[in-house]
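You will see chain A twice below: alongside chain B first, and alongside chain C after that.
So, the complex of A and B:
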């Protein structure tokens, strides 16, 4: 029997959310969390099932499903996974399970909370598997409302401000995207939003149009990633969001931006990408250096991690800008690695905040103290910090190494600045560790209660992923290799074509 | 002129095309008689009689769909698919208004029968306006709709603000009718005594300034009905003062009639001035989108906010008119149909809340989720749909409008539409945020939860569920879009040669 696995993957969380919302009101939070855990585990297993049946040597999209939806508009429901989207799907399903476990004690409006998490999952997964620009756009917008509520209801003190800011910024990003997508539809003359068809138009797009498109798409996704002048919503959103939501936001949602640039910008408009790659590299370098320096200036742990997260998205952009096999491989790897590491960092900060009731580095201290502090959190934090700074043996090293190796020949200055960024990463993380974890415990903090052993479970899983990907990078590169190679080859042909035109 | 026999005359009148209008007329006479004969005791049956009549009238629309000869009353009325769809939209909006006003009118202490009669009169006027293609007929239909609307907005006569609304509406409306009439009299003179729109067109084609003057005057008159900026001044005050169900009708039914008139008048009488009226409507659309959305942000009263929101929504619809392509017109109808449900849904929610609490301040909605989750869900979904979030119908409606806009190369219009819709999200979401995120306000704390179980369903709840289902499902169903597109293709006035020329001239 031909089971539509991808559809099941995307809509299981949606049905889970609706089912949970329709349940009688009397059910308490224990039921709601169990329900959503089961649903999210279901999606995790489906995604693992897809991964095991995935043909690693085939660069083409697999598990394709396609049927017309609104034909007048050229909208098709067509979904698939390939080597670039599959790792992100796996990351999403894993992080959703872990974030549900992270919010295990969440008791405020549990039904709505878990419904929103599951709806968010549906939106994100749908966006990653869409093969149709308009379908992607639909899912991209679908994810906004749940995330808005997650920040605005369960967030910190300034949650409503942060939520609204997030919402408006992201909707603004979708304005650029919609104009770009619709223009591509009409200019290509193909009357389809299918990305594979759009990537191979009968008559090549004029170069000016390509550049216009890529600029629009970069602007749109640049808000989501976020790229530096457009980033101001993210620190606010992260600081106010509850831990589990921060985990999803940093781990998965930002990836929509880089994935979008890779899939809908660079892949469809390769010539413009070649022309503008220097700009992407420059933006990446600015992102890394600016956000790292900003992280250095923070006293709120969570804000520091948020800036660190922005900085590390810069490496992804640098990898994309190389347009070469190594760099792209590095970019894809960095997306996953960043997803794991930043999720872990946010979880640890969440654990500290839950126990100490503050995230202010000036008020914290001596958390390594065996009696009064949180030594286990500290141990995890050291590991995560090492991974984030790119120490060998951790996933961050592999990713950044690939990116730098790919970027060095093409963009020596940008790459050098990004390497300098890793030094800055080490600096601010050491500052964080030194201020919060080392030294003596300030009196005001008192003796911190130890978290439940169970609370370490998600962090442990992520730490294993982090080290596992660092020691066995093939686990990840094998999945993405075929698709990335195909994409890089496509870029190369474009380049040779461009060169022959120039030499003539 | 040859003399026709009576039978031939009747045949040439093609009376069957107006069957829905006859049914509406019959219903309103029956309503009057029933009220006259049995009086108060049967007052609670009246809305159901009205609904029955509107339902029958909607059914009567269906056979007209396949009629090949669409001229009726010697060309004064056209029963083409374009008009049919707009008549359908007006009928449904009247039906929802009846559902909305049942409790409202009883609670306001005014006589119910006359209200429904006047509402049906307005419906009749709107329906006739959607089909009329001759200037005298247009004016009569327009005045039927307008005068009934003035009466409706002043219907709660014990309320000072309602009186104020009616007077303001009457004065401004009369002025705009005069302008419109002046424009039509110019056309009559310029064309050498023609009143049929299609016959005016060739006669004024070569006249420069005078016909443009007539065009501007006619557009000014129509824009008053559409509440397009800068002809929108009456809207906020009338919307705030008039009974809420009436506002619902004015913002949907009356606007739909206005758009039908605009499409028909422009394409039939001014095909040779397409560039000019495209530009005018583009400017009106841009102004409406900007002003409507920006001013709505500052409102504290829900009704006023919805008033400005409806100005902005009309601005989006004007994109379709300003580009003047078949897809543009189809997207207008598609959007009006969706707008009907989502806007009516929002008004139903406001009426239900208003009846229970007696206020329409936005801040009073705080924490409603904790008292009445289902009402909150309905209102939130309608507002999200108005804001254009997927997978709700409003998203698909806007998508089609913008799709058609980009297709015609109207990048500026689409860009303004998209950017202002970002601003609109702020005020729509603010209401949802209040209801869902905040703790209950004092008003809400005294709120008695609504009974949502089936036996407890009142007319308001039926209406709310009906609009909600459509708001959610209409966008996902692709046949509706097909249907509007087909109807445009089957409308002769929109598929004639001038249109092809218009396509090239799109801004």
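So, the complex of A and C:
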């Protein structure tokens, strides 16, 4: 029997969204949330099923489905997973379930809210499994719309500003990408958007064209990651977005950027990647140091975490820039680790905000207090902060160590700066802990109500993932190993080819 | 395989006892289950079990000193292949017994000292986590495992120093402890990465083999080893990263005993011992280590001479004694360093617990008088020996031992360090500093004893103090035994050479000078006002810890905060400002041009006609031009 697992994975949430939208208006939020929880759990199980059947030793795309769609355009519906996309798919399906649980009490326009979340899921999953540039682009755009609504309708006070800023930035990103994809289509002359075909052209692309393409793609995805100085939409979006949306935004959506650079930039234009890797490394170091320094001075907890999230995406970039096996493994690991840790941090900030009604570090204090504060949130926060600062035994350290090990031989200075970033991370997270959790609780705060025990469930799951991946990192590296090795080999052959050309 | 061998093979369980105790205490510590004592008892039982296990294992390893290793694959990715590997030798198993033993006594003591503490479960959980991390570090045979335990200890010390989180001074001290050590740790991590890239392994045994044949450029070797040494500088509170340790006494006193004796600060020494073959690649770094130890030992001893806080004196004395260990390491005598680490653990734990007993007594007295005085200030004490004979006696033995009085434990280990220094031809400077420090140690420790326990009570509270309960005084008495006798045991294990009589004579002379000076000043009360006047600026500088803390506060701390504010301003106003400017430009543009869109056909026609006419004009003009 041949079940199209990937198609089921991608479109189950879409059908869930449509079904929810078609339901009569009178249904209350309890039904909507249950519906979407079931749908997202279904998606999670499908992705787990795929993971269990996944052949770890095969570097090629698996569960492949490919059909011509609009042949005149060269558009194929071809989807698959490999060792690089599968972890991201798993991360997405898990975080969607958890974010639905996080917004369990959300009652404002529930049908639309959950439809948007499910539609977003469809877009993100589709983007991760696409093997076709145009198909990817469609999913990439599809994810944009629900996210805009999620910020602009369910957001905070300045939600419209933040939503519009996000929309405009991402549209700009799409423009760069579309230009790049179309150029690839026309210059290759292959009449296809298939990435495997594009990656192996009959005659190699001229190097100038490759560099032009990689710059465009880096600009396009750089907005998404985000790379400094294209990042200012993100703190605003996070500050305004509801917790569950921040979780998805930081946990999954940013990874579209790094994944895109890896899959559509580096893999298709390896020669340019080799030439420009120093630039990527420099951008990585700038991201880490600049965003960490900016985080130092924030007084809004959520904004601080948002800058932290930007800074830690820099490690992924450094890993990608190495173009070697160790660094790339680190990059993939860091994508997952960042997804788990930053999602957890945003959840915890959300819990504090829900109870204290403020995120201002100058107004918070003494949250460790057993009677008045949120000691359990505090315990999770300490763990998440330490994981973020690269404490061994948690996922962040493994990822960072691999990235640093891979990065040092090629970019010692950028790597040292990135390691210095772990000190800066500790500085601002310790400030956060000291101001919000240590000390005595200010009178104005009063006695905070304790959240429902159920509210800790998502954080507990993420904390387990964080520690589990830190203690048993091979769970993760085994999945990505084969594909990453293949990619690294491809880079190596490119390099030797380039060297032989040069020596001639 | 006999039973003792079995115990050695299962010695990996010892760190797990601590970890298990920490995990067990979680539900109580997080407030999910009500109750105070269960985690404390769980900790006592499990760590006690760990102590017994490691003692038997120690017997096993001594009978059969063949090293036992245990290795599990931890991470494979690319060219990274790291194992979780442990090594059991007489030395590491001996350290296991030491750490579990001290931790057990600290936990017993804490039952009394922390009796009324509502956060008791959290306290015991952290204590056990801390112990487990140190145990893991002791037996780790791999730099990455060591680094992991090392960082976990940093986390635990952060949470323990900040245990009374509501106190601003405690939370500041916790942050300071974590950040200061973190600075060293980040350099260490760079060092680990560089070492791994060059050596291709992080296994200590394999690193030793690699170091024998490694051909590194001298400059590179120095850089690499200095990076590696930066970690121990932070963790073991050596100059210039020593500033966190005196503040770390904001934590509960038994925690200080644990941090200063068997864990945390010992980790730095231990790491250098394990990395000795690698660090020996650079003679320059060895010199730096010796001199770092010397400067730290002397500076901390000088600062200790004028401190009035009973715990602060001990904190600086720890820094100073660690300096001795690094001096020995720097001249290539790790066995002397470990010897001193071993004896120091006993008497320093005893001294700290003794000071805790004094503070506890002062607090109780303060409760009855409803007074408000600094219970840690030795100027408020005096004459406590009659009131607290057990504490006084054990503290006195500790003072004699740390000062290095024959035949107590401290004498043997300190002389082994001095002996190592005296034999090293290039370290005459370090050696003389070590001797001066020995005199200073005798001076400030006896000063502390005299101020606290002898003379008249200087406050009413000091006159009302009672001896602490059995559960606190018993650990003191138990610790007194190794503080007296550990030297003989250590001589069997560590000492390589016979003790030179000249070194012993010199060091004893130094001790006598120190004791005499404090006797003259604090018992005879010699009038020294003239001297005090002349040395007033020096004394003031010492009282202010040579202004090093303040220097960091003014430069690094506020500098970093300033940079953060600047970057955030730049980000908000220039980067984001530019973005908003662009959007404002488009907004303004649309505001202007929207008036063109009137919806009146006549207006549009007018525009079309005007455009056509203008275009025609331009075209005809240009035609005419050609």
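The criterion applied here is as follows: the second predicted complex is superposed on the first by the 504 of 504 C-alpha atoms of A that agree within 3 Å, B and C clash if a C-alpha of one lies under 4 Å from a C-alpha of the other, contacts with A are read in each partner's own complex, and residues count from 1 in each chain.
The working rule: contacts are C-beta pairs under 8 Å (C-beta built on N, C-alpha and C of every residue); 3 or more make two chains touch, one makes a residue touch a chain.
Since the structure is predicted, the reported quantities are computational estimates derived from the model, not experimental observations.
Among chain B and chain C, the chain that touches a larger number of residues in chain A is C.
By the touch criterion defined above, A:168 lies against chain B and chain C together after alignment on the C-alpha atoms of chain A. Using the contact criterion defined above for the overlaid structures, shared-chain residue A:305 touches neither chain B nor chain C, since it reaches no partner. After overlaying the two complexes on the shared chain, residue contacts for A:379 are found with chain C alone; chain B is out of touch. In the superposition on chain A, contact of A:313 is made with neither chain B nor chain C. After overlaying the two complexes on the shared chain, residue contacts for A:69 are found with chain B alone; chain C is out of touch. In the superposed pair of complexes, A:293 makes contact with chain C only, with no contact to chain B. In the superposed pair of complexes, A:152 makes contact with chain B only, with no contact to chain C. When the two structures are aligned on the shared chain, A:84 is found in touch with neither chain B nor chain C. Chain A residues 168 lie at the interface with chain B in one structure and with chain C in the other. Chain A meets chain B in the complex at residues 69-73, 134, 138-139, 141-142, 144-145, 148-149, 152-153, 160, 163-164, 167-168, 171-172, 175, 178-179, 182-183, 185-186.
For chain C in complex with chain A, the touching residues are 29-31, 73-80, 118-119, 144, 147-148, 151-152, 155, 159, 162, 165-166, 168, 170-172, 174-175, 178-179, 182-183, 186, 189-190, 193-194, 196-197, 560-561, 563-565, 567-569, 571, 575-576, 579, 583. Touching chain A in their complex are the following residues of chain B: 384, 389-391, 395-396, 399-400, 402-403, 406-407, 411, 414-415, 418-419, 421-422, 425-426, 429-430, 433, 436-437, 478, 481-482, 485. Listing the residues of chain A that touch chain C in their complex gives 165, 168, 228-229, 231-233, 290, 293-298, 324-330, 333, 366, 368-370, 375-376, 379, 382, 386, 389, 391-393, 397-398, 401-402, 404-406, 408-409, 415-416, 419-420, 422-423, 426-428, 430-431, 434, 437-440, 473-474, 477, 481, 484-485, 488.
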